[in-house]
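You will see chain A twice below: alongside chain B first, and alongside chain C after that.
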Partner chain A sequence: MYIYDKYDQTIARERVTEFTQQVKRRLAGELSEDQFRPLRLMNGLYLQLHAYMLRVAIPYGTLSAKQLRKLADIAEKYDRGYGHFTTRQNIQYNWIKLDQVPELLAELATVEMHANQTSGNCIRNVTADQFAGVAGDEVEDPRIVSEIIRQWSTFHPEFSFLPRKFKFAVTGAPKDRAAIQYHDIGIHIVKNEAGEIGYAVYVGGGMGRTPVVAPLINAFVPKAELLSYLEACLRVYNRYGRRDNIFKARIKILVRDLGPGEYKRQVEEEWQRIRGTGIDIPPEEEARIRSFFKPPQYETIAEPVHSFVEAQAKNRSFARWVETNVHPHKVPGYGAVTISLKPIGGIPGDASTDQMRAIADLAEKYSLSELRVTHVQNLVLPNVRQADLHAVWQRLREIGFAEANIGLVTDIIACPGLDYCSLANARSIPVSQRISERFADLDKQHHIGPLQIKISGCINACGHHHAGHIGILGVDKAGQEFYQLTLGGAGDETASIGQLLGPGFSSDDVVGAIEKVIDTYLGLREKPSETFIEAYRRVGPVPFKESLYGGH
Partner chain B sequence: MAVIDRNGPIANSWVHLADDAQPAKGQSVIVSFARLKNEHNSLFSASTAVGVEVVGDVVLEDLEPFLPRLGIIVVRMPNMRDGRIFSTGRLLREKYAYKGELRAIGDFIPDQARFLLRCGFDSFEVGDAFPVDSLKQAVATYSVWYQRATDRGATIIDQRTSGVS
Partner chain C sequence: MAQAKPINKILTGNRLRTGDTVYYTAAGAWSAYVSEAKVVTTPEGVEELDKAGKAAYAANQIVDINIIDVLPGDGAKPSHIREIIRATGPTVRMDLNKPVTPAGR
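Our next item is the complex of A and B:
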């Protein structure tokens, strides 16, 4: 993991001072709410329906056990004993008091954490593949470049008041687990024919009311020149992105209006001018940051690990959990465990203080003290010896997080929705809870196979419904909560946008509609191994429309 | 109205000239860009110093021919969320090598001064109620920064790689 040096520490400390002053000036009336709003947003502080919400950054989703323990303490001390892990790999607290924020930030800084740029029209927390460093298919650990971007974008003097928010995602593997083409800039680490590492840069993707899969703008930016290239990308956007209409202000609209070819040309022209002018970091600095992501000291373990094999043979529940929740590790004898924060009937992504502490203990004992947050709102223990998996599973059962449902129908993403969010049309969380209860039977879930349901409470699409195999969008219909269904979205390397099926369903009917969609799929799949998304891509929306709307 | 820099109030001899007013003899005037384009010959031939006020959407290529003769460029921030001013500053300094004074005016708040300074601005024109002390405090809050910008002082990366502490 990256460890702060004295400079990072200084920045963190000075940031707490700055925000403390800003809160004081707000409370004294020197800053109006309009003036304070961008400042507090840049510190992840939202005014929600009932209280302030604070979003704490978990850069590229990597967390130490010590940090998780601090997050648990904060949930206990400043919130109501809960934290909520988000699709941006961050954590949110929903019941925060403004005057306690400075103190809270100071506590976070003691474990090298902050809430910088987790909201507002600036460069947001960079997200990355949750299996960074442990996945076997990786060209390079995406956290190295993510940390480089984190530092470069922190309080960037030119790009802190962009037309709109700006999100980066990085993947280091051909299998895209970070949904990079749904981001303002998606970076894919690649190797060219000469074997050199560089970056394929996609620009102008996004969710929201105009979902766009980002076009490729540069197939190979040399490793040493990424920051100057990104600076050129951002400068063109900062100058020409629309500022007259909030719904047209994201970079995806600029790239669409200019056309990817013209956008690329403008970026290229600017890049040629600024290349080699000291924006890029020198190789020594890259090497310094890289050194923090060296693989830990793994043991040499011969596979198969007999105790592990036996435990699976003896215990069907454990075997099933291994099947869905343990990802192969590049080092023999290890596995990466995804802890499901989606217990049946629970709130997706929520963890209590006690649960966080228990997971921090597990990380310390079994995963070299490291954790990850996934953009599907789960946690990962990346480095577990196979021989320890059974013990980990047992402990997770005790805390209610051993659901063997990763990637299955109850592994749902849901935005906060009308329970918390002032922009919402409809509730998201209760719908996800009811779907989860309807499909609680694990045999049935495994029978259905891989299926991602994603729920947003309004068109802003924080629940990524466009990228859901089944997307659910809350709409307001004459003051009633209604839900539209989209099918066929995907957020991986085969990214696609879900298509609207037809008129929405009432809150009472939506779960039944989902069940019908799934039954239709089960009836038409060619074989059990044909997944929902594969089947949908083969047959299209018609059979689903027929079963839902009677074919008229 | 006051003009300040990072340390507080500074002397100012520039006056904003309305489009229908004529410069007095020896006056240093700031005119609109439209007027500069139309009347640059007569404006520059008078013995007065000339500056221009622009907003974020200014086409810098159009401004370029005048740059060597401008004593000041005032960039207006129409509202505090309009961040084009930062790119305008950097481009004027770094791409067009503008050497005169660069001043911000408009709806910025003290906390943005630090960024404006890093993007090539020298001074700020503010209303009488502007909290000057907060600006000084905001500018002084940070002792280090990560990224290169117009100000060429050592970045954190420079300090790390040169071993300076």
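Our next item is the complex of A and C:
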């Protein structure tokens, strides 16, 4: 993991001091709410329906056991005993008191964490593949370039007042687990024919009211020149992105309006101007950052690991959990465990103080003290010996996080929705809970196969509904919660935007409608291995519309 | 002649210091309980709430101030789902919800 140097430490410490003073002045009435609001947002502090909400950054979703333990302490001391892991691989606390925020941030800084740039029109937390460094299919660990981008974008003076927020995602593998084409800039680490590493750069993707799958703007940016290229991408946006209309201010609108070709031309022109002027990272600094991500000391373990094979043969529940929740590791004898924060009927992404502490213990004991947060709102123990998987599973069962449902119908993304969020039009969590309960039977879930349901409580799409195989969008219809369904979205390397099926469903009817969609799929799939998204792409929306609306 | 739409409104906001959801009462204080909110039924009453809200905002006590609709009849019962949830808490964590009325009343 990256460890703060004196610059990082100074930045974190000075920001706490600065915000402490600002809070003090606000409480003393020396700053008005209008003056204070942008300052608190720069520190990740929102005012929601019931209280302040604090969003803490977890850079590219990587956490140490020590940091998770601190996040648990904060939940206990300053919140109501739980936190919510988000689709940006961050954590949010829902019950924060303004006068306690300075103390909270000072505590966070003791474990090299903060809430900077988790809100506002700046470059937000960089997200990455949760299996970074352990996936067998990756070209390079995406955390290296993510950390470089984090440092470059931290308090970048030119990009701290962009037309709108700006989100990066990075994958080092051809299998995209980071939804890169749904980001303002998505970076795919690639190798060219000469075997050199570089970056395919996608620009102008996004969710929200105008969903766009980002076009490829440059198929190969040389490794040494990424930052100057990104600087050129941002500079064109900062110069021409719209500031007159908040709904048209994201870079996706600029790229769309200019056309990807013209945007690319302008970026190239800017890049030629600034290339070689000292923006790019010196090789020795790149090497320094890289050194933090060198693989840990793995043991040499021969496969098959007999105890692991036997445990699966003896225990069907364990075998099923291995099937869905353990990802192959690049090192023989190891596995990467996805801890499902989606117990049946639970709140997606929520973890209590006790659960966080138990998971931190597991990371310490079994995963070289490291953890990841996934954009699907789960946690990962990336480095577990296969011989330890059974013990990990047993402990997860004790804390209620051993559901064998990763990638299945109950592994649902849900935004906080109207239960917490002041922007929401409808609740998301209760809908996800009812779907989860309806499909609780694990045999049924496995029979249905891979299926991603994603729920947003408003058009801002924090719940990624556009990228859901089945997307659910909550709307307010004359004061009542209604839910529109979209089908055919995907956030992986085959990214596509879900298409609206028809009129929305009431809260009472929406779960039945989802079941009808799934039954329709089960009835028309050509074989059990044809997944929902494959079947949808083959047949289109018509059979689903017919079953839901009777063909009208 | 078209009849004027009936008015049933209360004033709400969040405490600056804690973020707690609160309601303006007949006594001119701010209560955590929606049942204690002062309900107004006239345009003059709405104007009074507006003034009280602006004063509390200017005094740096209450933020995110809104005048919201309640159902006609006894007690202040918010009509919109958003405000019902604000008054009691997240519907998915009933263990954390607060009553609409203080305990013992």
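Rule of thumb we're sticking to: the second predicted complex is superposed on the first by the 551 of 552 C-alpha atoms of A that agree within 3 Å, B and C clash if a C-alpha of one lies under 4 Å from a C-alpha of the other, contacts with A are read in each partner's own complex, and residues count from 1 in each chain.
Please note the rule applied: a contact is a pair of C-beta atoms (placed from the backbone, for glycine too) under 8 Å apart; a residue touches a chain by one contact, two chains touch by 3 or more.
Because the structure is a prediction, the values reported are computed rather than measured.
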First, second, both or neither for A:D419, with chain B first and chain C second: second
Which superposed partner A:L39 touches (first chain B, second chain C, both, neither): first
Most chain A residues touched (candidates chain B, chain C): B
First, second, both or neither for A:N460, with chain B first and chain C second: neither
First, second, both or neither for A:I279, with chain B first and chain C second: first
Partner chain in contact with A:K97 - chain B first, chain C second, else both or neither: second
Contacts of A:T20 with chain B and chain C, given as first, second, both or neither: neither
Residues of chain A defined as touching chain C within the complex: 26-27, 29, 32-33, 47-52, 80, 94-99, 347, 418-420, 422, 424, 427, 429-430, 433, 479-481
Residues on chain B engaged by chain A in the complex (per definition of touch): 56, 80-84, 86-88, 90, 94-95, 109, 111-112, 114-116, 118-119, 131, 134, 137-138, 141-149, 156-157, 159-161, 165
List of chain C residues in touch with chain A within their complex: 14, 16-21, 57, 59-60, 63-64, 79-82, 85-86, 89-93, 96
List of chain A residues in touch with chain B within their complex: 5-7, 10-11, 14, 17-18, 21-22, 25, 30-31, 35, 38-39, 121, 151-152, 154-163, 227, 235, 238-239, 243, 273-274, 277-279, 281-282, 284-285, 288
